[in-house]
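Shown next, in structure tokens, is the structure this report addresses.
A, B, C, D and E are the chain letters, set down in written order, and residue numbers restart from 1 in every chain.
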Amino acid sequence: MIVRPKLHWLRLLLVWHGSVLPNILRRLVLMLAIAVLAVASHTRFQQLGIHLSLAPFSLLGIALAIFLGFRNSLCNERYWEARKLWGGLLTTCRSMLRQAQSLTGRRPDDPEVAGFTARLIALAYALKHQLRATSYEAELARLLPAELATRLASAHYPCVLLLRELADWLSRQHRDGRLSDISRQSIDTNLNRLSEIIGGCERIAGTPIPYAYSVLLHRTVYLYCLLLPFGLVGDIGLLTPLISVFISYTFMALDAIAGELEEPFGIEPNDLPLDALCLTIERSLLEMNDVADLPAPMQPNRYHILS
Amino acid sequence: MIVRPKLHWLRLLLVWHGSVLPNILRRLVLMLAIAVLAVASHTRFQQLGIHLSLAPFSLLGIALAIFLGFRNSLCNERYWEARKLWGGLLTTCRSMLRQAQSLTGRRPDDPEVAGFTARLIALAYALKHQLRATSYEAELARLLPAELATRLASAHYPCVLLLRELADWLSRQHRDGRLSDISRQSIDTNLNRLSEIIGGCERIAGTPIPYAYSVLLHRTVYLYCLLLPFGLVGDIGLLTPLISVFISYTFMALDAIAGELEEPFGIEPNDLPLDALCLTIERSLLEMNDVADLPAPMQPNRYHILS
Amino acid sequence: MIVRPKLHWLRLLLVWHGSVLPNILRRLVLMLAIAVLAVASHTRFQQLGIHLSLAPFSLLGIALAIFLGFRNSLCNERYWEARKLWGGLLTTCRSMLRQAQSLTGRRPDDPEVAGFTARLIALAYALKHQLRATSYEAELARLLPAELATRLASAHYPCVLLLRELADWLSRQHRDGRLSDISRQSIDTNLNRLSEIIGGCERIAGTPIPYAYSVLLHRTVYLYCLLLPFGLVGDIGLLTPLISVFISYTFMALDAIAGELEEPFGIEPNDLPLDALCLTIERSLLEMNDVADLPAPMQPNRYHILS
Amino acid sequence: MIVRPKLHWLRLLLVWHGSVLPNILRRLVLMLAIAVLAVASHTRFQQLGIHLSLAPFSLLGIALAIFLGFRNSLCNERYWEARKLWGGLLTTCRSMLRQAQSLTGRRPDDPEVAGFTARLIALAYALKHQLRATSYEAELARLLPAELATRLASAHYPCVLLLRELADWLSRQHRDGRLSDISRQSIDTNLNRLSEIIGGCERIAGTPIPYAYSVLLHRTVYLYCLLLPFGLVGDIGLLTPLISVFISYTFMALDAIAGELEEPFGIEPNDLPLDALCLTIERSLLEMNDVADLPAPMQPNRYHILS
Amino acid sequence: MIVRPKLHWLRLLLVWHGSVLPNILRRLVLMLAIAVLAVASHTRFQQLGIHLSLAPFSLLGIALAIFLGFRNSLCNERYWEARKLWGGLLTTCRSMLRQAQSLTGRRPDDPEVAGFTARLIALAYALKHQLRATSYEAELARLLPAELATRLASAHYPCVLLLRELADWLSRQHRDGRLSDISRQSIDTNLNRLSEIIGGCERIAGTPIPYAYSVLLHRTVYLYCLLLPFGLVGDIGLLTPLISVFISYTFMALDAIAGELEEPFGIEPNDLPLDALCLTIERSLLEMNDVADLPAPMQPNRYHILS
């Protein structure tokens, strides 16, 4: 995620540099070269009776804009659904910790509460690593008892097993007479919610946008931009390179943004800052336990990007 | 579902080969032939005073793009609703198994829990076969006691009867004093959720997109592509075949993708991988029961397609 | 609802015949006549200094396509909301019957359960007749005790009174010690859901799409199609009838489909098959009661239409 | 709300007369005058070297159509959200009355039930008057005990105080041993739902569509229509008045409809029929109490408009 | 938020003055200057063989309109989601206060109820200050006991700690035998809802629209407007300044509105009136406690803006 800086142009260039532009800059240079070629060869082609006009490009360009708008809608919805699921994770963890304190009548600094909190925090980190397919062993070892961390390290669905651990904690409180049937139900409902959040994230990570949309549009946009200068040159002559690079930039950038948003759990500049979100969950839950010494919040890097 | 491979061109061609293109390749060849015919007959038609221009095709083409975008929206929403329902099936099964363990106080390796799990897994497989109209006898026989499997095999709505079986399991636990009224309510609420998921899938499978949309647009797109070369030829002459095939490709491919997404429970390349989803449910539930030996996850075939 | 047949062209024509086309066929013939008139009178009008060009029709045509897309969105959403409400009716009835069996501990063939089931089925039929403003007396007499059927026959909101009957059934079970407070709550929540479904259907049936949208667009589309040939004739001469009928067909068909979907509870070919949905509810509930002899499912008529 | 009459043209004109057209008719006459002026002054302007072409109007017209479609979407969503909230009000009132009868075991004709019903009906009327900023004293005096009606008459948020009254009724039943804790919870949940409905209506009434959208588009549409004849005249000469009035009509009517839907609680022809909705709530609740003599349903006025 | 005044033109200008226009007025003057320059230099450029036509601007302009429509959709959805969250805050606070009164059987003027109310009101103000990154110390000191206000003043997530305070209040009532398990569950569910509202607001404030959309479109719109006069001048000559300023105004205003709505918690004219919303919550809750002397409601300033 790119944090929106105040609009000072020099810093803006820096942000941009860490973002979409570099990916398409080389392609824009190629487009420029082709546009120059189109201008240079225009007379030659005309003598051969081969010519294009802008009209079919207008038709196809507007159709492409409609389809690109559609694809961007899809990708953007995925991105926000993913973000909402992580927002729900924060919210539900806070609610469950509040309930684990108030419904059992335990104080915030009770070690039992600390154990519950550690499992909630571990759940967030485990989910992050599962979605990014990175290794979560070190992080779980930091947060959980050694025996549990080892058991989870070899699991295929560690987050689901952590939910079972949380349910076991509730059963223990219930057995100890600390938690009534009704109160256990209240927390159990939130466990269902966590299960939905985990399943929702797995769905987004595991089911791409129908592949044909991405390939079809990506391909069509690039072919369109390649042919465009030849359609423009009869109309605007020497200014063809300027205008065709401008139009290509707009279409290719929208195609590139959609491509980044499509997989919101990646580590590209426009993806979700899962590291920062995990840290927020950790900080907020620890503060609820009156822990004085919270870990420092994450700062954006010099490209204004949170990982 | 097509798994997104890294973009190596040779493999991409292979993917594509297993996907939408073949369906429309023959039609593109036809379009090419017609475009060549349009170029060849242009002068002849003009002598007869019969001529077209691009302007009406611009108008109709943009209108078609708007309507195609609308149809793709509809079909895509169906696809994702279906996917979310199956994601909800996984999520709810996990939640119910967690509850069946923790609220009854049974251990993960308790045979009663195994019986409950088997009914949940059978539900997923039965739903898959119902939606694809394939035979589920073999699969139910593998998972369930013989008597139950036989009884379900002749049912019209086997999934609904499986819900009744799950409710019976709960009643038994309740009678044995293992499950309080409140805790039974918590699981019963998830049974309602399963009922909604089954009903939602039946709705998608049983109610097509209003038929007129599909037929009308399909028909209009093809007629449009057939006439297009005659509109282009006066404007761009010899390049008519190139441009008209390009435009036809874009429109026909979007029409074809919509057609595949429209019925998400089918077995075409862009449809939902119900086999893989059932296997994920089976693997995840068995792991929650500490079963050591999980069935292997499904691998995409050589066209990167999960069935 | 039109059931999607396999695409054999002869049968397709038959389907189409039962669908949208006839409604607009006469209008298309009128458009053809006007287009021929436009061609014939072209020279005469030009001598009078009266001429049109295609450019304003391009502008207005694209604007109309955008607005038609908007109206089709609206109508289509209504259609699917109505379909989802009926899907929810099936789902909720199944859930309530499952609960009425398992939470009271009654067997599927208990006469008390049969009475509850009859009231659920009667609710579906009563809702259908209320929405279509047809008479439900016969159907209620078939399903319910005579006294109750008579009482409902004179009611203004029979579905709401049936909900009260279902609640009375629950109170009776509760008084007999068959249903705990908690379990009654579980079923009562589903009664609320039924109330929402009934209210939702009443809303769709009682509140049309803002009238101005339908009238405005319908009127504008037809005026547009009437004038179009005069705009085309200067550009494409003799081919004006072909192209203007093609464009008119696309616009008028989309307008006509929207008009059918707008009132999903009607009995036109693209409307919801409420007869078949009621029968599915009846069949599914009876099967849950182990009734051996289910009524036969409905078959589409020879135009592939389910009523 | 305009009730959709059968399409007889004479009556249709009457409906239309009560609807959007009059608001824009005068403006259309102005547009006609300007178009005639544009035709008359065309030669004069050309001699001065001042001329317009249609091309920039095509560009801007399509852009405007896109933005108008966007604004109509917004306004239409508000309208339907408001309608759904009122549908939810009907549904929730019915559910609460059903619960007040069956969960307390009171008969429909019990005076206590009648008091509860009166407060529900008063809530609907109070909400209507609050949203339309009209006086609700008379209506509350008709429905409620004098003391309560007086107290509410001076309240800033009377609906919220009525919710408190309903909660007091529940507490009384609970104190009398008529309502268990669980059953009170079931009804209390519906009180929360009423609170959401009231808050939702207040939000729609109190927060307009971002003001700039309405002003910007309204202003741009009118300026566009004013300039349009000057762009058309070079192209289509004498037919300029016909076509420019046609295009202006389409754009201005869509702008006007959006303006009416924007504030769904008003009393313009396309607004919500709150009077009729309140009466439906009253009739349906009274029928649930077996009141024989229901107030008559509202009839549309001669313009087919329900207020 | 701008309150919609009656449309008197003089006042409308005043409103407008406090709104979007000033931000883009200087830019429009720049556009005018460039358009004049384009007219003046037209002949000179043509002699150099450098010329533009309107056709590529039509294509790009329509594509931009589609993308601007998409961005405005995104920003507008954020705005309304934020508004709904604050509406939910009002609704949930009212529901919780009603429950705190009726479920504990406490009278509205009970000091315990007043303490609960103060914490709810403080929550709204704390959330406002957190979202706007302003200091909440003074406001909390006004509403809460000194010890609590101090403790919250140094917190990172004060709203979350206030939820814990509210839960503690419930535990106290429960310990005193004033609140049954079931009734505590009812209020606890609303605490979860508050947690979701807080998390939702944090999400909107903390996660901007993908940065590339804003930058890309903003940049493209301005470059487009800069080049547009040179495309228009060949077509419409002396009227270029008029038309290009008109088109630029439409595009730049839509871009500017989207920019304001994008961050709904700011203090620009089109942002949410959080001050007024907090005051409404305070007034409505105090009235529920029968407090006679409510703080006065907020009045819009002379630009019709609520802060």
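Following the convention adopted for this analysis, a residue touches a chain if its C-beta (ideal position, glycine included) is under 8 Å from a C-beta of that chain, and two chains touch if they have at least 3 such contacts.
Just so it is clear, the structure is predicted and the values come from calculations on it, not from any experiment.
**Q** Among all the other chains, which ones are in touch with both subunit D and subunit E?
**A** none
**Q** Averaged over CA atoms, how far is the centre of subunit A from the centre of subunit E? Could you give it in whole Å?
**A** Using C-alpha averages as centres, the distance is 24 Å.
**Q** At what distance in angstrom does the C-alpha mean of subunit D lie from that of subunit B?
**A** From the centre of subunit B to the centre of subunit D is 39 Å.
**Q** For subunit B, jot down the residues that touch at least 2 other chains.
**A** 55, 58, 62, 64, 66, 69, 182, 185
**Q** Could you read off the chains around the ring in order, subunit B leading and subunit C following?
**A** Following the ring from subunit B in the direction of subunit C gives B, C, D, E, A.
**Q** Under the touch definition given earlier, write down the residues of subunit A that touch subunit E in their complex.
**A** Per the stated touch rule, the residues are 1-4, 12, 15-16, 19-20, 54-55, 57-58, 61-62, 64-66, 68-69, 72-73, 76, 79, 83-84, 87-88, 90-92, 94-95, 98-99, 101-103, 105, 108, 180, 182-183, 185-186, 190, 232, 235-239, 243, 246-247, 249-251, 253-254, 257, 260-261, 270, 283-284, 287-288, 294.
**Q** Using the touch definition from the top, list the residues of subunit E that touch subunit A in their complex.
**A** 49-53, 55-56, 58-60, 62-64, 66-67, 69-70, 74, 155-157, 160-161, 163-164, 167-168, 170-171, 181-182, 184-185, 188-189, 191-192, 195-196, 198-200, 202-203, 207-208, 210-216, 220, 223, 227
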